[in-house]
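In what comes next, chain A is part of two complexes: it sits with chain B in the first one and with chain C in the second one.
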Partner chain A sequence: MKKVLKNPGMQAFLASLICIIIGLLIGYLVLLIINPEGAWESITNVIKNFFTWSKPKTQLKQFGNTLAKTMPLLMCSLSILFAYKVGLFNIGAAGQYVAGACASLYAALAWGWGWLPCMLFAIVCAGVLGAIVGILKAYCNVNEVISGIMLNWITLYLTNTVLSKVKEAASPYTLYLDDVNPSALLPNAGLNNLFNNNKYITIAVPLALIISIAIHILLSRTRLGYELKATGSNKNAAKYAGMRENTNIILTLIIAGGLAGLGASMLYQTGYMRWECTQSSVPGMGFNGIAAAFLGGLNPIGAIFSSFFIQHITDGGQYVNTNFYSSQISDLISSVIIYLCGFVLFIKLTMNKMLARSEERKLRQLKEAEAAAGKEVDQ
Partner chain B sequence: MLLLIQYTLIFSSVLTLVALGGCISEHSGVINLGLEGIMVMGALGGALTMRYLGTTSPLVMVLLVMLAAAVCGAIYSALLGVACINFKADQTLVGTALNLLGTALATVLVKAINTAANPDDHSSEIEYVRARKMFIVNINGFEFNWFMLVAVIAVIVVAVMLYKTKFGLRLMACGEHPQAADSVGINVYKMRWSGVLISGLLGGLGGVCYILAGVSLWKFENGVAGFGFLALAVMIFGQWKPVRIALAALLFGLFRALSNTYIGFPSLAALNLPGTVYNMMPYIVSLIVLAFTSKNSRAPKAEGIPYDKGMR
Partner chain C sequence: MEQYAIEMLHITKRFPGIIANDNITLQLKKGEIHALLGENGAGKSTLMSVLFGLYQPEEGTIKKDGVEVKINNPNDANDLGIGMVHQHFKLVECFTVLDNIILGVEPNKMGFLQKDEARKKVLALSEKYGLRVDPDAKIEDITVGMQQRTEILKMLYRDNEILIFDEPTAVLTPQEISELMQIMKNLSAEGKSILFISHKLAEIMEVADRCTVLRKGKYIGTVNTADVTMEQLSAMMVGRDVNFHVEKKPATPGEVILEIDNMTVASKVHKNNAVKNVSMKVRAGEIVCLAGIDGNGQSEFVYGLSGLEPLVSGSIKLHGKDITKASIRERSTMGISHIPEDRHKHGLVLDYSLEDNMILQTYFGPEFTSKAGFLQRKNIRDYANRLIEEYDVRSGQGPITVSRAMSGGNQQKAIIAREIDKAPDLLIAVQPTRGLDVGAIEFIHKQLVAQRDAGKAVLLVSLELDEVMDVPDRILVMYEGEIVGELDPKTTTQEELGLYMAGAKRDEVKA
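On to the complex of A and B.
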């Protein structure tokens, strides 16, 4: 038992679990304060999400919807954790995601490109946005958080303007991909049959999983990953060791941007969502990515599970009793979880302290027992 | 023209208040990225006061709303204080969490209040037509808002406090070299806590000022549209100095005001640019300005690093 608790992976898992439990408790508390009557039912519905449906077939289909939306979130969280490993806080992921949506939708709707070129175009555009943040950081010393936020808003307004050219005349939404250019839809490759013919399940799902494993390998097993991490922990030391620190910073943000852009293409090219051209706030996907990245212990494999969990409760928000509550309760829960992730270091420290103390106590007892035994022999 | 000046002044007041908050917090050594969330909370406190206060004299209304906003902001900023000062959490992460939490919490609460009052009402809006009038003095078509005066006072008070009082100098010492400050008997934790709480107070005031700027109805789902971050850009451009911050805020306020009033200028309207260009302006300007000013930045040296007594 003690050995299991000492394992850093296990500790990260336990710390995340504690964050989740406290986050849900606070969400429940808020519901209780608003109206004690339906609070329990609503919070369990948030946790159950697609299980609230009674028919197994509907459950499976709804599960597919959650899964389809998990993939872009996973990409955003990979974008954030990748940059974080290199010592950069890529809050610009939200804007890079928007840029990806803009690029893939415009290429698909206005130029009639196929799905692969659209996807690559999204990656490139979002990567360029990341590069801007990187160049500003490397050569002008601009804090990447501030420049990222500024670019988020610039990209949002730019996207609204650009995508207005391919929107429906009567609504603020962009045209349906299915009608205008079905070739831009990601191929299903038969995966949709696994989820009761849910057409939103595409090759995006396996692709996203492969990419998270690839990022894991890149970070922990390759020279590039090592160089990037070294740059993150000490820019000057990296420079001294002959690494090109400025190039590394820019490269990191290009990769991070590309990941977020790819995430957007994975959602908008399934036809699940259309862009609303009057949108007045940056979509929450990039920000939820922060929650997923930290909840997953900043590990690409952990991010798979945490992304699913965050998307699961975000979707679960729609099953609260809307007579009293609003679906934003799940945003509240996930933001509380991000806040609590700040305490993870403290939780781990406490765990280690407790372990060390109990070990010390055992040693002391052993010594005392030995001493007592020694005395007996003396007598 | 008058309208442009009016909007410039009111938006600069918002930016000045919030940027001063950020400045004090950073001088004490804590980066306050949660200003956006703090603004939302201040706005929520102010808006709820305006909704429930009923009919009172304008003076009572103005004072109570300001008090409520400041108190809400300060209480909310305590979340940052606990995590970043006592538990040494990552300040960027916690600040971001506070921004997300601010909007989510305000939306949930306002929707719950609206739905409780009227079961069919699921909006996240609060209306304050009558209350807003009490903040405004009409001088020949120019709407003077009391917050403009508050912002000017805040600049003077903060400038005097930081450079002329014992408290301010000690506070700045904690942001430059907390170990040295501690060695001469200054309680670093206490100073950082006061920095964070004052920034919450000013951020809350800025929040309610923002929602009172142009409209008499606020939809809390929208948050404050990145104004907290614009304020941080103002603070960096102002090089962490109160008077310069006020000047920077005037510049940024002008660009923000243009996006509201550009239609009124024949020369600008003739350019026929889409309205979103003007919306983007403040952000683009701040990016360019940051690119040129960040190289030799005068940021407090120890900002962002949790103070650990054992590390001396």
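On to the complex of A and C.
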């Protein structure tokens, strides 16, 4: 049992689980305080998400929707954790995600590009945004959090302006991809049939999973990963070892930006969502990516599951009974849970401390027993 | 019965997997200077942390003036009159000496500072104990020795009776060290009890009345320094006889490996150049030592030489080839190895495993990276195991130990293994023995001499006088960024060296 608990992978998993449970408890508590009557039903609905529906076919379709939205979140969390491994906090992922949305939608709607060029364009634009942060960090020592946050807003309003050119006349939303340029929609490759013909299930799903594994391998097995992690962990030692630490910082943020941009393309090019050109806040996808990255134990494979869970809870929020609660309560509950997800590292630390203490106690008991036995022999 | 100022009786403190203090007794008499001697990892710091209430011991008691006390936190220790000068000073750089002294116990009336009274007390104290400090000077403008005296005044101002000095001489010049010794003697003559933590035997012999020795967490014994020799003390500390003198054959210098011509390097902290027009040659088969007091441009000199900082002017040649503009990586692959001054800042990625640190300079080679860019984990493991074996690098889990969890001496051994195994033509070793215990120092000195005998050029940068006198074949003294003297370690004395280091004496030196 002790051995299992000491395994770092197991620890990460347990810590994440504990965070989830505490998050759900606090969420339930909030519901109880506001209105005890509907609390239990609502919190179970949040957990059930698509299972709230009675028909298995509807469940499957709704499951597909959650899955479709999980992939962009997974990309954002990969963006965050990749940069984090290199010692950078890429809060700019939120803006890079927006840049990706802007690039893919504009290329699709204004220029009529096919799905692949649109996707690549999204990666490039978001990567450029990451590069700006990286260059500022590497050559002017501007903190990447500050420049990232400011760029988030610049990108948001720029995107609103640009995408206004391809929006519907009567609404603030961009045109439907299905109507204007169906070739820009990501191919389903038959995957939609697995989810009761949910057309939002596209090649994005397998692609995102493959990228997670690729990032995992890149970080753990390759020379580039070795260099990047060394740079992140100790910039001075990396420089001393002849690594080009400035290039590495910029490269990291380009890759991180590209991942977030790809995430946006994976959502907007399914047609599931349209951009609202009057948005006055940066979409939460990039920020939720932070929670997903930490909940997944900063591991690209863990991020797959944590991203799904967070999207699951977020979607589940819409099943909170609005007779008892105002409609914003769903956001509140999911954000409480997501907030708690950030405590994974803390829980891990506490667990290790407790393990150490119990071991120490055992050691002492052993010694005392030995001493007692020794005394008996003496007598 | 003997009167003790502080007694730590049968202290046992365990950490997971290790007993840091195993039944240790330390009794400090009133008015004595008591040395606490031990290698790194012997448990000196843990014992002091227990005394300061930072750790609670599992067993044992602490008595002050014969009365049992409980020390739960540093405030309790302070209330009992225990004060400490840390190895790394705890001073606010941009404050004056006086401000630093009163920090935390500011005399005030309704929240307004009353400095006059404090100034009088500080002046009286520094008069009484011969601590020459200017209370209005800013910390950043005064010498390290004066900063240390400020720390001492801080303790005295708080009326501390028990003064702990944690390796106080590590940062001082020979002249400053003898001043400090005098100050310590003055303090004890005035009835202060002093606990002096050190692993420098000569200083302990000079200043301490008694000495308690720890080894690997265990109490070895307490002796009167008058009754023992230095050799006996060191045998107690290490557990075996140690050879202080570095055994070496006469050097047989060969061709010039490194040739530096008028090197000038800018300073990061001030507008003047840190290294000014330095020229030197290092030949194959000799150890040249760059000596000097800390902060006289040695670090910047090494940065310029290794490529970490660009030169303002001058040139560097390796094997007659100009490498002034070469990158760090190019210099490294051309045959320069560099044991850096700060092993945590430059030498290691602390979060990496030992094996990953072993390949820090060579990871990109075909042995460790495949053509597709994948690390060859098996080769790395084999390579690390070989170095661990050859250089006796000890760690908890072998090659997969996280470097952070290793002791300082073994971290340094790992760096030395890595740099020497690269088979360099020029080995730059910057303070390679800093903070290490006698056993590890002996090992490292042997390695340096072995490199020399193998026909490599070795450039040693050192602040330790014993090392400067013992290891090299030639000494170059650096003062304020210039080479002010070339000395032969066989004919010079520590006093003469000290004069050059302090800038009191200088020759015109030609490369």
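FYI, the second predicted complex is superposed on the first by the 331 of 379 C-alpha atoms of A that agree within 3 Å, B and C clash if a C-alpha of one lies under 4 Å from a C-alpha of the other, contacts with A are read in each partner's own complex, and residues count from 1 in each chain.
Keep this in mind: contacts are C-beta pairs under 8 Å (C-beta built on N, C-alpha and C of every residue); 3 or more make two chains touch, one makes a residue touch a chain.
None of these values were measured; they are calculated from a predicted model.
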Could you say whether A:T322 touches chain B, chain C, both of them, or neither, answering first, second, both or neither? first
Which partner does A:S233 contact after superposing on A: first (chain B), second (chain C), both, neither? second
Answer with first, second, both or neither: which of chain B and chain C does A:V142 touch in the superposed model? first
Of the two partner chains, chain B (first) and chain C (second), which one does A:D178 touch, if any: first, second, both, or neither? neither
Applying the touch criterion given at the start, work out whether A:F294 contacts chain B, chain C, both or neither, answering first, second, both or neither. first
In the superposed arrangement, does chain B or chain C reach more residues of chain A? B
Hey, what residues of chain A end up touching chain B and chain C alike? none
For chain C, which residues are in contact with chain A within the complex? 14-17, 58, 306, 308, 327-330, 332, 338, 340, 345-352, 356, 360-361, 363-364, 369, 373-375, 377
Which residues of chain A touch chain C in their complex? 221-224, 226-227, 229-230, 233-234, 236-243, 356, 359-360, 363-364
Per the touch rule, the chain B residues reaching chain A in their complex are 33, 79, 83-84, 87-90, 92-94, 96-98, 100-101, 103-105, 107-109, 111-112, 115-116, 119, 122, 124, 221-223, 225-226, 229, 232-233, 236, 274, 276-277, 279-280, 283-284, 286-287, 290-292, 294-295, 297
Could you pull out which chain A residues touch chain B in their complex? 30, 34-35, 89, 91, 136, 140-143, 145-147, 149-154, 157-158, 160-161, 280-281, 284, 287, 290, 294, 322-326, 328-329, 331-332, 334-336, 338-339, 341-343, 345-346
